[in-house]
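Following are the structures in question.
After this come two complexes, each holding subunit A, first together with subunit B and then together with subunit C.
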Partner chain A sequence: MRTYQTEVLVIGGGATGTGVAYDLAQRGFKTILVEKRDLTHGTTGRYHGLLHSGGRYVVKDPKAATECIEENRILRRIMPHCLEDTGGFFVTTPWDDPDFGDRFMEACQATGVPCEEISVAQMLREEPLLNPKISRCFRVPDAAADSFLATQCVAEAARQYGAEVLIYHEVIRVIREGDRVIGVVCHDLVKDEEVSILADMVVNASGAWAGKIAHMVGLEVSVMPGKGVMVAANHRVVNTVVNRCKMPSDGDIIVPVHTVAVIGTTDQRVADPEHFAIERWEIDLMLEEGDKLVPGFRQMRMLRAWAGVRPLYQETKVADTRDVTRAYTLLDHETRDGVMGFITITGGKWTTFRQMAQVTADRVCEKLGVERPCRTHEEPLPALFESDRHTANGYHYLGARLTDIESHKSYGDLVCECELATRAVVEQAIRDGNAHTLDDIRRDVRLGMGPCQGGFCTYRVTGLLHLWRQTPVTESNVALRDFLQERWKGLKPVLWGAQLKQERLDEFIYLSVLNADHLPGEKASRLGPVMYEEEVNNE
Partner chain B sequence: MRDQPIWKARTEPTTTPHQPAELTLDQCIKCNICVTACPVTAVTDLFPGPKYEAPQGGRFRQETQPSTDHSIDYCSGCRVCNMVCPTGVRIAEINARVRAHMVKTGQIKGRARLRNNLLARPETLGKLGQPLAPLTNLLLHNTLGRWFAHKLLGIAPHAALPHFASHKFSSWFRKHTPLSMVTRKVVYFHGCATEYYEPRVGKAAVHVLEANGFEVLVPPQNCCGLPLLSNGEFQAAHTYHEKNIHHLVKYIRQGYVIVGTSTSCTLTLKEEAPELLDNFSPEARLLAENTYDLSEFLLLLWETGDLNTENLRPLPLTLPYHPPCQYRAHRLGIPSLELLQLIPELQIQLSQAACCGVAGTYGYKQEKYEIAMRVGEPLFQFVRHSRAPLVLCDSETCRWQITRATGLPAIHPIELLAAAYGFPAEEPLRTVLATYANNQVAVELH
Partner chain C sequence: MNDVLVIGAGLSGLVAAWQAVENGRSVRVVAKGWGITHWHAGCIDVLGYYPLDNPEPVVALETAVSRLATEHPQHPYALIRLDNLQTAIEAFKALCATANYPLHGSLTRNWLLPSALGTFRPTCLAPATMIAGDLTDNTPMLIVGFSRWLDFAPALVADNLTHQGIQATHVTLDLPSLRQRKIVTALTIANLMETPAFRAELVNALKPYLSKAGRIGFPAVLGYTQATAVHQTLQKELGRPVFEIPTLPPSIPGMRLHHILLHTIRQKGGMVLEGLEATAATTQNGRITGLYTSAATRHRLHHAHHFILATGGILGGGITTNYTGEITETIFNLPLSTPVNRQSWFRRDFLDPQGHPIYQTGVRVNQQLQPLNENGQPIYENLQAIGTILANWEPIRERSLEGVALATGFIAGRGKTVTSHKTQTTSTSN
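Moving on, here comes the complex of A and B:
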């Protein structure tokens, strides 16, 4: 069995895990990170892309609000190229309590979240599609975040400090010696073999899966997976993050991120972070609530739906998951359970991942008896792609890719036409990146994320993968099928109107012309997608 | 179905809400039909194609961000993409609005913008140039003049600049004595080309309308604004549009409709100006909903039995006809062809070419001239192979482009129809008819 020896092992390749690995590596620890799929495969890659100003929590969870605005300022400094400075509105629609605005303003002041009330006329000048019946509008420093890119950048920074990032390494056993955790055994899904990793310290940063990992140690950690469904509209609709000015609830936020506008979310407790359904009422609710913010939203083309699971930690059981605190939790299992060499960091939200990483790394230092200060809030993160260098005041902006393509006249070289991903960036992702599947390439370069959902780029990128990796034809065929299946996964809940027409065309291309379902090779690989469960029909 | 005759204006504008062109990008299913049909993409790598520019690029544009577009300026605005799109994306309009944003944010500036503004103001050019026609024609149509226009302004030295006419259409019309048998009235929108360059088209239109019992009204009017719209100069185009609304709506309120012989002018009044300028006021709608292209109007008359076809003389000629892309954009089929087929013994060879290339002012620009000529090549081939003495086409700039490329004179279909009604033809049709008559005589003598 392949064996690694390291100082710290981090489990989980989401924002938190990569943040922890980066922080530790930067502080000089020999660090390995394991992730069972690709980076951001869990909750990080399935959220709406909001960099919180804290506004959402000022009334309900002031502690979380303060954490958010502190981190908001830091992330704007260290990773502006992963953020879009959209700004945010909190708006009072006719369906909201008109008095909430005053409470909101006061709470913003109390928590230190900058907030300014603007006139509805000004709001409509900036966002002409918003509901003209909105009565009040507050501006806050919300922003949009590219959580794929941010995590890749953090991982790259970690690597530059010597950390090793092992993706498609799924923890299957935790090795325990008496009261001490000394390592884990992973299943390398790519090579289909077992790998053991021994470490002085194991950090469980597996988010909604933290309970499962703790269970392998024999510990009880109660993390409730709170499912949130999101729907992306085909174009930006708004260029500012728009929140309803009320207590957080379902479908009350639209986040413009890259080329889409994401409406979210629902909040449903599910038994398993991996297996759940997107239900029809959830989609309907998103459209209905979206229509209140942007009249006509319901008629616009919806691109895709997806669901992520919030990791909500609670020592005691709570029925409605939205009442659980959004602030994060660090569990020292030595003091809590008498098990050494193992700590768990969970809860929180994307916006606070760096702070979560910092307190975790602080605790690791303490446990290992060393004192090394955190520097992640000071050091800017690296840019990964040439096109990321087109920025507006350092921030990413919507037009960056078009600008890049227009200035290089590279429009004849597009692999993904919808998201303007050129052959050069796709090849870079294949050659220099760690992509194993087409879906990994998607996360790296936004391939297949536009209106046609892989209709015209899947066969192109399969060809490039085949060319560069020299994979056998059967493997290339499976890679193609896996990706088509993965795209289909998010299309099923929104199959009407233009997207249905689109999918019919895609079906003709792949099933009728290319005969994709009968090409030689396995039907699907173990790296392929986990589909949503079929909806339980209660009628 | 209409419940009143075609020549009676609809004085109540519709109120259906309109959707900004950009929102139609949601309908794109990436099928590439527009890319395969685009005549510009077919001949140059400088234009990546309608799909890339409108529905794809459109998802990356934001009103408040500076424009970084370059390639979209190579869209000629021919609207072939709109016509072939199976899902209804308003590609050409999206592109035109992006170009306006480029102008507004300084992406098109300096000499190019000056040149574009000059080309886009046929009314101003006409007002300045026509009164001194012999002199201005001499200045514009000699090698030295064209050399200066090329070097100083970037106007392609070989592009087909028109000649100013010796008299304006409106001057002729003031002196013109109408036929006496008048039963109904119609307003004629002549456009800049008829007014300053080819008054013969307007005369033919007036004759044909009078032969059908219409009193023709020619109120004061301005450039429709299309050249400005297609050069992204929306502010100036808006001014012209408002002026035309001011001039014409009062006639519509009296129950008269507007007919025009320039297909691009009528398209602009019907839909381009309101759509591009977001001008859907009741007055703008009234003008849009009561404007007809002349062939469309005459064909509608014919459909209800209101067209005088008894007096049409046979014209045993075989002539090529090119329906301009601007006419096809009306989505009416090919009304001029149907109309011409009413002329006994006339044979029409129908062009299947997508576009002549010039697309208004596009082909006059130095950097686009070659593209325009390549776009038009299939049409030029068709015209050359016809071996006909002249070619028919509804749009003025297309006529000039065809003549420039093939050496064959070009006329508006209404000129032929007027000749069939027995009105005296002007050059170049007069010579063709005379030659034909001589041949006939010669044949008969044998």
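Moving on, here comes the complex of A and C:
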């Protein structure tokens, strides 16, 4: 068995785990990060895309609000190229309590979240598609954040400080010696072999999976997965994050993310963080609520739907998952359970991942008996793409890519026309990146994320992958099939109208013209997508 | 007033218009845009897989079509007689042969030709430019691609063919004429292929790689209107059989068929108007009396004795759906046969061999191809529906889209009454 030895092992390649690995590596610890699929496979890659100002929590959870605004300021400084400074509105629609606005303003003041009321006329000047029946509007410093890019940047920073990032390494056992956790055994999904990693300290940063990992140690940690569904409209209907001014509930935020606008979310308790359905009522509710903010929203072409699970830690049973605190939880299993060498960090928000990483790394220092200060709030994160170095809104923003393409006159070399992914960046992702699947390449360069959802680029990128990888052709075949299935996964809940027509065209290309359903080899690989569960048909 | 107004200029609509002009009827075609011809493989697929869960391609076509018609009495092939399909195929072959772009094949046996993924594509009729790719033949092949153009991946084709027992190697050419262009599309190459200078450049670049190859496969870009000449010249210059492989849209071989049909219809006095979207119809006493179209801001009313609906299904835009699960035929609001609710529209896997139930949605017709109401009675005596707007089949999974389009377009365009008695291909019990 392949064996690694390290000081600290971090489990989970989401925002939190990657942040912890970076912080530790920066403080000089020998660090390994393991993630069972690709980075951001978990909730981090299926969230709403909002850098919270804290506004959402000022009334209900002031502690979380304060954490958010603190981190909001820091992230704007250290990762401007992963953010888009859209600003945010909290608006009172005819469906909302008109008095909530005053409470909201007061609570903003109390928690330190900057907030200014603007006139509805001014709001409509900035966002003409918003419902003209909106009666009040408050401006806050929300922003849009790209968690794929941000996590890649943090991982790159961790690597630069010597950390090792092992993706497609799933922890399947925890090695325990008496009262002490001394390492883990992973399944390397790519090589299909077991790997053992011994460490002085193991950090469980597996989000909604934290209970499962703790269970492997023989500990009881109750993390309640709260599923949230989001739907992306094919149009960027707003340029500002728009929140309903009311107590947090379903479908009350629209976030402009790159070329689309995302409405979310629902909040449903599910049994398992990996297996759940996107239900029709959830989609319908998102459309209905979207329509209240932007009239006509539900008639628009929807691009895709997805769902993530909130890692909500609880010591006691609570009925509505939204009543559990969003502030994060750090569990020191030595003091809590008498087990050494193992700590758990879970809960929180994407916005607060750096702070969560900081307190976790502080605890690791304490456990290992050293004193090394945190510097993650001071040091800017590296840029991954050339354009990130020039503009605040970097590579992942369509405008930056267009500028790149125009200056290099490379419009003839596009692999994905929708998202302007050029052959050069795709080949870079294949050659130097850690991409194992076409979906990994998608996360790296946004391939296949536009209106046609991979209709043309899937074939092209498979050709390039086959050319560069030189692996047996059946591996390229299954990579193509996995990716078609992965795109299908998020399309299925929103297929009607123009998007259904588009999907039928993609079918026509891949079946009638290319006969991809009769490719030799496996029909799906173990690196393929984990599908949403089928909804029980009870109409 | 025209005898026939065809709505839609996909394969079925153009075939109907061609047959109408051939039979002395005056025709107008109105279409929002072009159809499947710009996307498909440029072949006539009649039936590639049957039953759908059988991964082996259909070989004996005639038998398989008869069996399908018996086992699925609602399928379009069950409504039309096999001899109509046969006649349509022969007529279409004759048309293409006259246009100096011969198609080869028959209902006796499917071809197996390589796809751009190196899979085996079953098809009934293929242009002469493709048939040297016949995969029942073992001659080693060389697959050629172009480095500036990602819509054809020769290594993928060759490696998959080799994996399946066909000897194939590949080469990617970096031709100066392509390198200096900012954008290279299928049409760019197809047009260049018609110039001797480019062909000379191509042949010279290929020479070092030819040795073991008994035949040479190219992406389907060997000329647009001069394809036959380009193909023959290349065969001569390379001294070996040459074949085309259909690849990502836009489809050059499909556009050639489109061009032949369009040219023939216009030459015989038919009128084809594109950019006109049909929006609504006027009716009287169970007849369609007129059809409204709109283009930009202008509305227009067209009159005709007979109307042929060829707007395609969900793919073509003749059927639309919305978020509430409503499914609508866009012009006449014809009743549609459709799965019960939105949750049962799809199966779990994109490539499910049975296909997704939503796509079986369509217009139910009788043997005269007249749309029927819930009681099985024709709704309008002078309306026929053809092609992919028809209900109860899965053209993409079956690989039967062009076969049905051709046969139903042929029948409707010809205009002779189809005998209504049941034939040996349709089941009498239901």
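Simple rule for what comes next: the second predicted complex is superposed on the first by the 528 of 539 C-alpha atoms of A that agree within 3 Å, B and C clash if a C-alpha of one lies under 4 Å from a C-alpha of the other, contacts with A are read in each partner's own complex, and residues count from 1 in each chain.
Assume a residue touches a chain if its C-beta (ideal position, glycine included) is under 8 Å from a C-beta of that chain, and two chains touch if they have at least 3 such contacts.
Note that the structure is a prediction, hence the values are computed from the model and not measured.
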{"item": "Subunit B versus subunit C as contact partner of A:534, first or second or both or neither", "value": "second"}
{"item": "Partner chain(s) touched by A:175 [first = subunit B, second = subunit C, both, neither]", "value": "neither"}
{"item": "Contacts of A:484 with subunit B and subunit C, given as first, second, both or neither", "value": "second"}
{"item": "Of subunit B and subunit C, the chain that contacts the larger number of subunit A residues", "value": "C"}
{"item": "Partner chain(s) touched by A:417 [first = subunit B, second = subunit C, both, neither]", "value": "first"}
{"item": "Touching partner for A:185 - first (subunit B), second (subunit C), both, neither", "value": "neither"}
{"item": "Touched partner set for A:409, first subunit B, second subunit C, both or neither", "value": "both"}
{"item": "First (subunit B), second (subunit C), both or neither touched by A:462", "value": "second"}
{"item": "Touched partner set for A:501, first subunit B, second subunit C, both or neither", "value": "both"}
{"item": "Those residues of subunit A which subunit B touches in one complex and subunit C touches in the other", "value": "409, 411-412, 456, 501, 505"}
{"item": "Residue ranges of subunit A in contact with subunit B within the complex", "value": "126, 234-236, 239, 259, 300-301, 392, 397-399, 401-403, 406-407, 409, 411-412, 414, 417-418, 420, 450-452, 455-456, 498, 501-502, 505"}
{"item": "Footprint of subunit C on subunit A - complex, ascending", "value": "280, 283-284, 287, 298-299, 302, 409, 411-412, 415, 423, 456, 459-460, 462-464, 466-467, 472-474, 476-477, 480-481, 484-485, 487-488, 492, 495-497, 500-501, 504-505, 507-520, 523, 531, 534-535, 537, 539"}
{"item": "Touch list for subunit C against partner subunit A, complex", "value": "36, 39-41, 45, 55, 57, 115-121, 148, 150-153, 155-156, 159-160, 162-164, 181-184, 246-249, 251, 313-315, 317, 320-323, 325, 340-346, 348-351, 353, 358-359, 396-397, 399, 401"}
{"item": "Subunit B - residues contacting subunit A, complex", "value": "23, 25-31, 45, 48, 51-52, 55-62, 64-65, 68-71, 87"}
